[in-house]
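So, here come the structures, one by one.
Paired with chain B in one complex and with chain C in the other, chain A is shared by the two complexes that follow.
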Partner chain A sequence: MSLKNKLHVLKEKYKSTKFAPAFNALHTFLYLPNETTHGGTHVKAADDLKRTMNTVIMAMIPCLIFGMFNAGYQHNLAVGDIQAVSSGFFSSEFWTLANFTVGFWKILPLVIVSYGVGLGIEFLFAIIKKHEVEEGYLVTGMLVPLIVPIDIPLWMLAVAVAFGVVIGKEVFGGTGMNILNPALTIRAFLFFAYPTWMSGDKVWVEGAVERTNEIAAGANLDAISGETILGSLAQGKEFAYSTADMFLGFIPGSVGETSTLLILLGGLFLIFTKIGSWRIMLSSALGAIVMGLIFNQVVDAGVIGEGSKFYGLMNTPFWHHLLIGGFAFGTVFMATDPVTASQTNKGKWIYGFLIGLISILIRVFNPAYPEGVMLAILLMNVFAPTIDHYVVQGNVKKRMKRLKAKVA
Partner chain B sequence: MSNDIKIKKGLNIKLKGEAEKTVEQAVISKYCTVRPEDFHSVIPKLVAKEGTKLKAGETIFYDKSNEAVKFVSPVSGTVIEVVRGPKRRVDAIKIEVDSEQVYLDNGKFDVDAANPGMVKAHFLASGCWPFIKQRPYDVVANPAKTPKAIFISGYASAPLAADLDFTLTGKEAELQAAVTALGKLTEGKIHVSVGANSNSPLAGLTGVTLHKVLGPHPAGNVGTLINKVDPVNKGEVVWTVNAQDLVIIGELLLTGKFNAERVVALAGSEIEKPRYFKTKIGSEVATMVYDKGIAQGANARVISGNVLSGKQVKPDGALDYYSNVITVIPEGDDYDFFGWNKPVFNKVSTSRALTFSWLNPKKEYNLDTNTNGEHRAFVVTGGYEEVFPLDIYPLQVLKACMYKDLDEMEALGMYEVAPEDFALTEFVCVSKQPHQKIIREGLDLMLKEIG
Partner chain C sequence: MGLLSKKDAKLITDPLADNNPITIQVLGICSALAITAQLKASIVMAVSVLFVLGIGNVVISLLRNIIPSKIRIIVQLVVVAALVIIVDQVLKAFSYELSKTLSVFVGLIITNCIIMGRFEAFALGNGPWKSFLDGIGNALGYGVILIIVGFFRELLGSGTLLGFKVLGDPIEKTGLYAIGYENNGFMLLSPMALIVVGIIIWVQRSRNKALIED
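Let's look at the complex of A and B:
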């Protein structure tokens, strides 16, 4: 008996038992089900939610792999084992097995914890609530390791994931019903619960915290640290990274957010496959550019002098804002989450634009934690239904007007 | 002002097995089945009982809530069975067909001399009324109301649809008689759509406003025509009539006979030689689908209607009251190893998520009935709008129907739509939601609560 038939027999056996959702989730992972249409259209398009989610994951894989190399690179650079990259994206200092190994062993546990805890909770809820396991967490589970600092303790991550999945999603009814982006809910939880692990100059480079502790314990070692560009700008410090480094991603930061180039490619892939909304991505970038330009103008007009604590970030050329921090990653992979974004095409323009605008606004005015994209997206998640409401009302009003014209 | 309608949003689903343009006389069906479920929301009150002998055009049942609306027999014969479902609901009336057809004589009708009341009475008495459907609600028209306009689509854009240019050829006299009579029933116009590059017999009719439509499906849906020409507002009613039914109406007016004959396309990838048949409403599909049709032992689905909005019928089932196409496609009740992530070349998709139908827009596909995934909550947005040309927010209307908010359904445009308008959004739906069912249930709720 072939595997297909064996699984079919098992499926019939588990049918209407409480383990059916769990079994089906594994079964449908292997095989597209044998379900046929009943009532309604007799044929259906090829896409399902699994395919959609899988496409998003594929777009993120380059960022994940780059993140592994970069984690090792930042570590080895900080401890002084290697030289900084010198020859563009394919620099030999970067793409080494040594770099990859360090990153791989650091990031793999993050991925495993993220998926293990998250999917575990999803399965549990599916069994309790007797519905199928929905695919939303496949993307969330991949996003989470990419948006946390490399050295985040795994137990913190596990707690945050549990919080994010239960409070961020399941209490609202699961995939498709949540108001806030689950991955950002997880990150926001970490940020507010464990701020020392989410900012500063010790968390972005593998081993920095450990080294600090060793020094404190009396070890005779050089401290290592890595400040993000935003951190340096916020404190008015110099940083040693070129614009090319920012674009290509050879900078400290959360695991998968540093390479604007690969994020851009992922974004283009999502736009090409029609899975990601180009309206949101484009309007976010426009919003950020507008806000960046406004701040540049403020500095040019002399309103803010060099003495101001906002000077460093305000004086940053507006287009640099697109390259540094988590802006690109958030815009491409998180703002475009269809469940929590605006659902109307017009709404998507407004929603994206405001995300860009508010991201840079928070980034500049919050020097203690110089990044705004997470909070901007969460804020706009909350406002997305309101935006949609007014867009839809436009259509309703048109209909009312048509009726009135008839009656008059 | 140009009367042409051009739409961009939509999707042509090209399927294998388009009917070749030859007409055969179908074998005379031994039984004729009339199913009251074809007439949505009608509760039948039977006139004919088991054993009753009927002429073609004699009343089988009438609408319990509106006794003037009569439903007549497409054939002459003897009622041999009234099939009943739960709560004694009438599921079907099965008539054994006489070898010699006798028609009830309704008398020739002088359309030009008739006033609106006479036309209406004649339609109701002769059994032509059920061919007239109304919006809102997509049900058989309420004779107590006067429509602001009547819409007829002469352009069939659905997958494997019968080509109306072909099936209506030579029926100009009947079509003209029917639209002239219909014209008396409305204060407004009769809007007729034809394909932009067609030579439809409908194009030559007088007393109608002609619209040439261009664009992908659902360009030919009557709902698209209504939305682009004169959308239904609250309190208004429009009527729609299928173009092929005008022929039956016209013949009744000209000869007095209710001749339920229609040219039907037999199409689909499971049919060896797809072609057209001349047959009658209610005929068994078996009279058409086996000769040079479905192969022995094939695992096929027979659909009365098109693949988007038709009804599944059993091999011993019958052609329904409104359809002019029988589609036969393969069943898809098999598993597909890693079917959710491997590249797909043999299925249609509007995305490019490792689906490659965008590479080859002219290719004809052999789609089966597999759902290609499981039912999920609404997640993806923006996909419906690409295939939905009406000035309505499809996702929002569907959700309003699901949470049964009557005010919102009304405000978002439910009066304008029929389930078939949501066939394409259902086809492309990533979450595999039953859009047409949701809309039908929403319309039923409004009909019940608002009326």
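Let's look at the complex of A and C:
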């Protein structure tokens, strides 16, 4: 008997028990179910929730693979085993098996923990609440490993995922009902609960924390570290990365968010498949540019001198803000989350624009929270329904006026 | 309870669970958020409210027939204020450090909705003994939640209970910290108190479906 049939038999066996949703989910995830709908009219569409989710995951795969290479590259570079990239995106120093192996063995556990804990909770809730298992966690589970520092302890990730899925999603009623983006809830939890593991110059390079502990214990080794560009700028320090490095992604940062190029490709894929909203992506880039320009003007006008603690970030050319930090990743993959974003087209413009604006605002004015885009998206998630409400009301008003003019 | 009639006993037990001032009536939330980062502060706050509400309810109940209803709120305020000042002064005299931790929140017991709520809803219409029991019951219901929240926030946030390092020493790396455990800093921030209260409400209502309102 094939696996498909075995699963089908299992499913039938457990049909009237509490575990029915668990077996049903497993079966329909792996295969097309045997049952078909009979009679009546039904909508035929190619994109069900699973396919939508899988498209987003496909868009993120390049970032994940790049992240694995980059994790190894940053580690080997910091240790001093290899030289910095010299010939653009296809540099031979970067795409080596040695780099990939380091990153692969570090990132694979992150992915497994994220999916294991998250899906475990989804199955548990489906069984308790007696509904079918929903696919919402498929994307979240892939997003989470991409937005955490490489050295995050696995148990912290597990705690955060459990918190994010239960408090961020299940208490609101599960997939499609959540107010906040679950992946960002998980990251925000980590950020506020374990700040030493989410910022600073140790956590972004594989092995840096371990090395620090060894040195503290008396080992005769060179310390390794890697500060993110945002971190360096906030402290007014120099950094050694070129603009090309920022764009291509050869910089320290959370696992999958460094390569703006690959994120852009993923974004184009999402726009092409009509899954991500181009309005949100474009408008938040615009928002960031506007805010960046304002800050550049403030510096040019001489309002803020070099002594100011905001000088470093304010003086950053406005378009650099699009390349550094998690801005690109957040805009493309997280702000566009259809559940938590605004639903109306006009609302999407406002929502995206404000995300861009607030991200850069937080970045510059609160160096303690260099990842402004996370907080900006969470904040706008909360306001998305309000924005929609006023857009809809505005439209109603406009049409009422038109109606009155006609009647008169 | 041989000491109390069934009806009187209900006055104390009801607010402990099915009519809890925090989780069911959702009153007195501000102080529950503000001072529960440490268990000790939670306990002191619970005891202070117990004192103020117990005595206050009796005083208001004794005065209930001579207070003109037009100025009853002012009279109630005077009574709470007097009691709160006593608590505040006692804390300052005997436990200055703690009174600094609690800071304005001792003074703000005056504005705790539970207290004025019990004065208005119960003490003005019932005798002193019943009012006393009602005050004690509600203050205990408030205190229980405060202590539960304080317990989890201090345990997970600082790794201590009443200041004792129950999970080991984070700097010396003993106990749980030796295997890589770390304190959850989020627990010390106020939003987490709200989430812990939320979880208590969730657990309570899923155990007793009658409490779920539509």
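Rule of thumb we're sticking to: the second predicted complex is superposed on the first by the 377 of 408 C-alpha atoms of A that agree within 3 Å, B and C clash if a C-alpha of one lies under 4 Å from a C-alpha of the other, contacts with A are read in each partner's own complex, and residues count from 1 in each chain.
The rule we apply is simple: contacts are C-beta pairs under 8 Å (C-beta built on N, C-alpha and C of every residue); 3 or more make two chains touch, one makes a residue touch a chain.
What you see is a predicted model; the values in this text were computed from it and never measured.
Of the two partner chains placed by the overlay, neither chain B nor chain C lies in contact with A:214. More residues of chain A are touched by B (comparison of chain B with chain C).
With both structures placed on the common chain, the touch criterion links A:195 to chain C but leaves chain B unconnected. Contacts of A:156 after superposition: chain C is touched, whereas chain B is not reached.
Within the superposed three-chain model, A:93 lies out of touch with both chain B and chain C [touch as defined at top]. With both structures placed on the common chain, the touch criterion links A:167 to chain C but leaves chain B unconnected. When the shared chain is aligned, no partner comes close enough to touch A:245: not chain B, not chain C. Judged by the touch definition given at the top, the superposed model places A:52 against chain B, while chain C stays out of reach.
Shared contact residues on chain A (touching chain B in one structure, chain C in the other): none found.
Contact residues of chain C toward chain A in the complex are 180-182, 184-187, 189, 195, 198, 202. Chain A contributes residues 4, 7-8, 24, 28-52, 54-55, 132, 134-136, 173-177, 272-275, 277, 338-339, 341, 343-345, 348, 388, 392, 395-396, 398-400, 402-403, 406 to its touches with chain B in the complex. For chain A in complex with chain C, the touching residues are 153, 155-156, 159, 167, 171, 189, 192-197.
Of all the residues in chain B, the ones that touch chain A in their complex are 13, 15, 159, 231, 233-236, 301, 303, 307-310, 312, 327, 329, 331-341, 344, 347-355, 357, 367-383, 385, 391-393, 395-396, 411-413, 423, 426-432, 434-437.
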